[in-house]
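Per-chain residue numbering starts at 1, and chain names A, B and C are given in the order in which the chains are listed.
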Amino acid sequence: MLLPFAWMLSTSLKTLSEALRIPPIWIPKVPHWENYALAWNAAPFGRYFFNSFFIAITTTVGEVIATVFAAYAFAKMNFLGKNVLFTLLLGTLMIPGQMLLVPNYVTIKRLGWYNTYWALIIPWVVSVFGIFLLRQFFRTIPDELWDAARIDGCSRFRFIWRIVVPLARPGIATVALFKFVGSWNAFLWVLIMTDKVELRTVPVGLRYFMSDMGTEYPLLMAAATMAIVPVLILFFFTQRQFIQGIARTGLK
Amino acid sequence: MMRIPAHWRSKQYWWDTGQAYLYLLPAMLVLGVFVFYPFFNAFNLSFHKVYLVKRVGGQLIPLYMEYVGLSNFTRLFHDSIFIKAIKQTSIYVGVSVPVTIGLALILATFLNEGLRLRPFYRLAYFMPYITPVVAISLVWQWIYNWKFGLLNYLLGFFGVDLINWLNDPRFALPAVIIMNVWRFVGYQSIILLAGMQGIDKMYYDAAKVDGASGIQAWWKITVPLLTPQLFFVFIISLIGSFKIFEEIYILFGTTPGPLNSAMTMVYYIFDQGFQRFHFGRAAAASVVLFAIIFTLTLFQMTVTQRRVHYER
Amino acid sequence: MLKRYGFAALVALLLLGVLAFSQVTIDFWHAMSKQHGPALEALVQKFMDENPGIIVNLVYQGGYGSLSQKLIGAVAAGEPPTVAQQYENWTTQWLDALVPLEDHLSPDVLADIHPRFLEMNRFNGKLLTVPFNKSIIVLYYRPDLVPEPPTTWEEFLDLACALTVDKDGDGVIDQYGTGLRPPNPEIFLTFLAQNEGSILSDDWSKVTINDERGLETMQFMASLAKCALVQGGYLSDPFGQGLIAMFVDTSAGYPYNLAAAQQGGFEMRVAKVPCHKNCASMVQGTNLGVFAMNQTPEQIDAAIKLIEFLLRPENTVYWAEQTGYLPVTMSGFNSEEWKAFTEANPERAVMTEQFLEGGFGQLHHPVYWDIRSVLITYYEQVLRGETDPKTALDNMAAEIEVLISE
């Protein structure tokens, strides 16, 4: 299961000639940690990582805000067209994202967002799964809570912010987590909507690194490792949220 | 006279409507611009030819669109590469979905037999799923290397000759399948395991009383009661596998495999749209993709709805 | 005295002001990397020194793939650079956006461009680009294995097969007479032109690739493939490893092939491509075009000046010497310097001769790039022995038929 990752790490610590040895060596005589420094300096990885973090964090924050309010509206409020809108939401799950690439490319160009952070953040600020998930969560919050708050003169907005959100923290954490990872791993969208080196995220930067480095396998593996580490660390500390989130979507 | 719904009379309702729309505004706006509008636009585009720039009158107009009716579609089905893309996508789906689910089921069964899911194991099963596809494909590209790759070395122990995974048209698609089965089996097995652990023990006790063997119990109790999770995993696996692109783009160095042997529908859309800039034709291909996925999902939902056993 | 200096200073300031005002900046996008980049930079710097009012912003956009994507994106946004390298099949995508150069270039410069190149840069009768870094297809061979390079198709085939041997008798061929690359149909097109065949009829109304002449050519390729190493990657590697005795390839690959030969420890020479009914050879490499879209008249003028500068005979020779591409002007070809250079470097003489005798360019059809894809698909099938030439050509023709039926 973990074999490929172990191999990746192993190769990243070898010299090129050690990597090209048959039969393969598993543990190099001397671990060449400097490969990581070499890889880091061979391409603007600092910039790539900054971009990935910046985009992932802003997208997640934006998403949490937009999703919390939308989910609350669907969960707790009665309004004109509620069912219609909800069905529309369901409908979007049927649409393959690839179908939207070309039209969105044209839209982004016309908006003047090509090669800007806007293109990489705004379209991803909404996750229909997130709305569904939070809606489930919110439904479990008893209506009496709102009634009591309302009597006390609390505005709905404040209610959502001060009471509902803390109660739904696990759900929100899950939503935020998935969004962060999804944003970090995003490739095709970034590839298409930008072509400036300064805007590359880690996955896209990795792809260009691959074509620049050709057959420098140890450096390539070092770069791959660096790309994976942040997500790994995040997962390690938030496993429960992840599993719960996935399990929740699995059980109707 | 039409009966007006009671709640329409309450002022609260209308006040709520206004507020709800306000709350929904950001989400709906984004969805509207980046999901609904492009969805319809894709259909529109598929009936047009898009010129990068055209001189109309005295003006230079970029992205000029010209109506061409169904010709994009007819052209698609005359393109041997598009047909190949459909065929190969189908093969990929037809093989990887059952294989992944099957393996995941077996894996989950073993895990259920007693291994406690410690954090380290969970990490192991999830890593392939949550890590960036680019990084994974990069590592596998190295593993698939003809002369120095790990896979060929390991296969050598079984007496298998060197296989040129990435340059031999016969092995390109299998290479993608193997990598993705590895990628998803852990994640799917966790879902199935969660489902298994939610099955009430009393069923098993009853079966034991009746003298049922382990395998019988598995087949008659576990699997049927697991159908919600199996169904879920099946659907997302099916739809997801129709959309593969990134893995191929990276594994084969931005070509769709030797002799187009790893050309899939999404790769075709990407290639037509973003490497050749035939926007109209790419849109037409994506409409075809949508039609296939839509039909399949509908079909699955109606047919399997009957076979899914929910506990309540 | 102060008054005089004061006056001079004022005039100087005014002049400076006027100059600053009349300073024009143009963007030049290119794909010339490590080896060719410095030569281009040197030329552009010289131009800027001669024209202090013009600033040329030389931007390296990556390889050809990257450059084409960036250009397409820029044109789609209505903001292309002033000057850019471009292949003919890219140019056909934005014909309307380019400046018709005949209206701007001086007649002397125009008359000096080699007529073959002029032909290749005309689109619908208008000259929209000028040749820049052009290469030609030639034959590379090892004199130790091939004492006399073949000059006809028959000789080439016979020699290739004679040189395809299993040296140690283990059932695996250790040396191939030649090598062929499916992603490089320009070789096939060269032979097709030598057989007087073509992809389309002259008026582009009919597909002619599967006629007799096309069939003969494809059959030749099929026979050749039996004695050839067929692979997707560049042939310099196997050549250097001693796996190939000779092969047909672009002159732009000369430095790489030479390096491979040196590593392999043998000599390499260049000869003309074996001929058939004529000695045609396909020209590759990019041209330069000036965009009218989103440019001020001053920028266009500056770009024209740059083009005229680059087309000066001595500059075309300098460029050719530094990079390995061909000079594109007649005076350049006929200059003493080039003659001396080709004497010292015989392979350049061969390349020059090959071009002058039979250089031809890409088909200017707007869907040529798609046609080329179809070509590659079926060409590969023939080379790998999966389909017979006639079936492949007929299938190819059917698809091309659909492509051109706009």
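To be clear about the criterion, a residue touches a chain if its C-beta (ideal position, glycine included) is under 8 Å from a C-beta of that chain, and two chains touch if they have at least 3 such contacts.
Owing to the predicted nature of the structure, the values given are computational and were not obtained by experimental measurement.
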Chain of greatest Cα-centre distance to chain A: C
Chains linked by the largest number of contacting C-beta pairs: A-B
Inter-centroid spacing, chain C versus chain B (mean Cα positions, whole Å): 42
Approximate Å spacing (C-alpha centroids) for the pair chain A, chain B: 17
Rounded Å distance, chain A centre to chain C centre (Cα mean): 43
Shared interface positions of chain A, touching two or more other chains: 109
Two or more partner chains touched - positions in chain B: 63, 274
Numbers and ranges of chain C residues touching at least 2 other chains: 69, 76-77
Residues of chain C defined as touching chain A within the complex: 66, 69-70, 73, 76-77
Touching residues on chain B, where the partner in the complex is chain C: 52-55, 60, 62-63, 75, 78-81, 167, 258-260, 274-278
Chain B-facing residues of chain C, complex: 65, 69, 72, 75-78, 93-94, 96-97, 182, 231-232, 292-293, 369-370, 373-374, 377, 380-381, 384, 395, 398-399, 402-403
Partner chain A, residues of chain B touching it in the complex: 7, 13-14, 16-17, 19-21, 23-24, 26-28, 30-31, 33-39, 41-42, 45, 63, 119, 122-128, 130-136, 138-140, 142-143, 147-148, 150, 153, 182, 186-187, 190-191, 194-195, 198, 228-229, 232-233, 239, 242-243, 245-246, 249-250, 253-254, 266, 269-270, 273-274, 279, 282-283, 286-287, 289-290, 293-294, 297, 310
Complex contacts: residues of chain A adjacent to chain C: 109, 114, 195
